[in-house]
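Chains here go by letter, A, B and C, matching the order in which they are written, and residues are numbered from 1 within each.
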Amino acid sequence: MKDMAVTSDLLVDISQLQTRYARCIDADRIEEWPDFFTEDGFYSVTTAENRRAGLEAGLIWLDGIGMIRDRVTALRDANIYERHSYRHVLGQPYVLGESDGGDIEVETSFFVVRITRDGETDVFASGCYHDALRRVDGDLKLSKRIAVCDSSHIDTLLGLPL
Amino acid sequence: MKDMAVTSDLLVDISQLQTRYARCIDADRIEEWPDFFTEDGFYSVTTAENRRAGLEAGLIWLDGIGMIRDRVTALRDANIYERHSYRHVLGQPYVLGESDGGDIEVETSFFVVRITRDGETDVFASGCYHDALRRVDGDLKLSKRIAVCDSSHIDTLLGLPL
Amino acid sequence: MKDMAVTSDLLVDISQLQTRYARCIDADRIEEWPDFFTEDGFYSVTTAENRRAGLEAGLIWLDGIGMIRDRVTALRDANIYERHSYRHVLGQPYVLGESDGGDIEVETSFFVVRITRDGETDVFASGCYHDALRRVDGDLKLSKRIAVCDSSHIDTLLGLPL
């Protein structure tokens, strides 16, 4: 990993991408979710405990845009997503540096509340995104997003992308 | 709505305005709250469910600075505001573009926790601000703020501006 | 206090410092925590109620880098920190101005969730950082951080820096 200059313009680009991503999920437009990834994009959800233990597997593991698109179909078919609504709040992105492949490595705290049908609001998940970002035709995209959840008791159905 | 360039300076201006607004509410200085609006400012609180259903009414509907000022008097007279304290946490502002009238249209996730007198902290409200911003004598002001709450079971007393 | 120009570069510097600080705590690397302070750094935790009442004392009061380092040893010895994990989410920094001594005075809302061993996530603390920042050999450091908690019923053990 190489150091890189963190300009305010770069941070704006990153945080606008991450905000658009969160808006897409919170507005239940998950059909648009694959568009945030590169063709070889990788998406995974794991827990801090698993990560510390060196377990790579994760709860969800999607390698390539095809698997990411399939996930959307599966979620819609399962129909489990519609029962609640969600709200993401993100911290400031923290730029770690540039990977050997030229991607920008970024970590960002997240926090998701769930609003159930009966109106109750609770903390659904918290954690940290481990992202790799790459510019494709001028637009910043995710070549990798690993959502590392703080709790090891994540709802196994996990009916939404984090 | 026209696209507009999102510079880091513009985002700083917007987020500093939104942060000042949140500070004003959280510090219980609601007498200063009307100053964040233009003379023809509009403020409303509604729910995501109502908005999806095309219901314009909202739980709270204040059209013009006069009604906004009256609201402050009503809240102080009702005396319901003092029982709890609140803390806003905001996401990054997302700039949609420029309206026909030249206002900047922005959406921003929010999240409010309530701290009751006995010290308990819970999630009070989450949602999205739909703002229109306009520069008046150099300062950015709200010509519109619609606070769209995720939950449909918002405390009907709602003793604070969101 | 003097007014100062809030450039996007300054805000980036401040928020990257605050984000690094939060990452350090959330990743349980509290041995690095003293490095965020100047040699004469001051760290305190208090409540909004105490502060309104003019009580200076606070729940925690560390004056100088020596006391701050001792705190880390005490926390590790007490061994109470490891039972839970924590996640900070910060609002945008709000720059108040420049102090007589040339430090940058900043206030920032914070919000901490606690994830217990059995996987439950709840709101642990919310409040506002009252920071003074100073550049030392090019790097921004805290010459003062007063964490003012909204709730008066803060866990007295308080096994982590806020």
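In this section, a contact is a pair of C-beta atoms (placed from the backbone, for glycine too) under 8 Å apart; a residue touches a chain by one contact, two chains touch by 3 or more.
Note that the structure is predicted; figures quoted are calculated from it, not measured.
In summary, the pair subunit A and subunit B forms a contact in which the copies contribute largely different residue numbers, shared numbers making up under half of all those used.
Annotation, subunit B versus subunit C: rotation angle of 120 degrees from the Cα superposition, expressed as a multiple of 5.
Averaged Cα coordinates give subunit A a centre that lies 27 Å from the centre of subunit B.
Multi-chain contact residues, meaning those touching two or more other chains, occur in subunit A at positions 8, 11-12, 89-90, 111, 123.
Those residues of subunit C whose C-beta lies close enough to touch subunit A in the complex are 8-9, 11-12, 15-16, 18-20, 22-23, 26, 85, 87-90, 111, 113, 115, 118-123.
Contacts from subunit B toward subunit A in the complex involve residues 6-8, 11, 48, 89-92, 94, 107, 109, 111, 123-128, 150-153.
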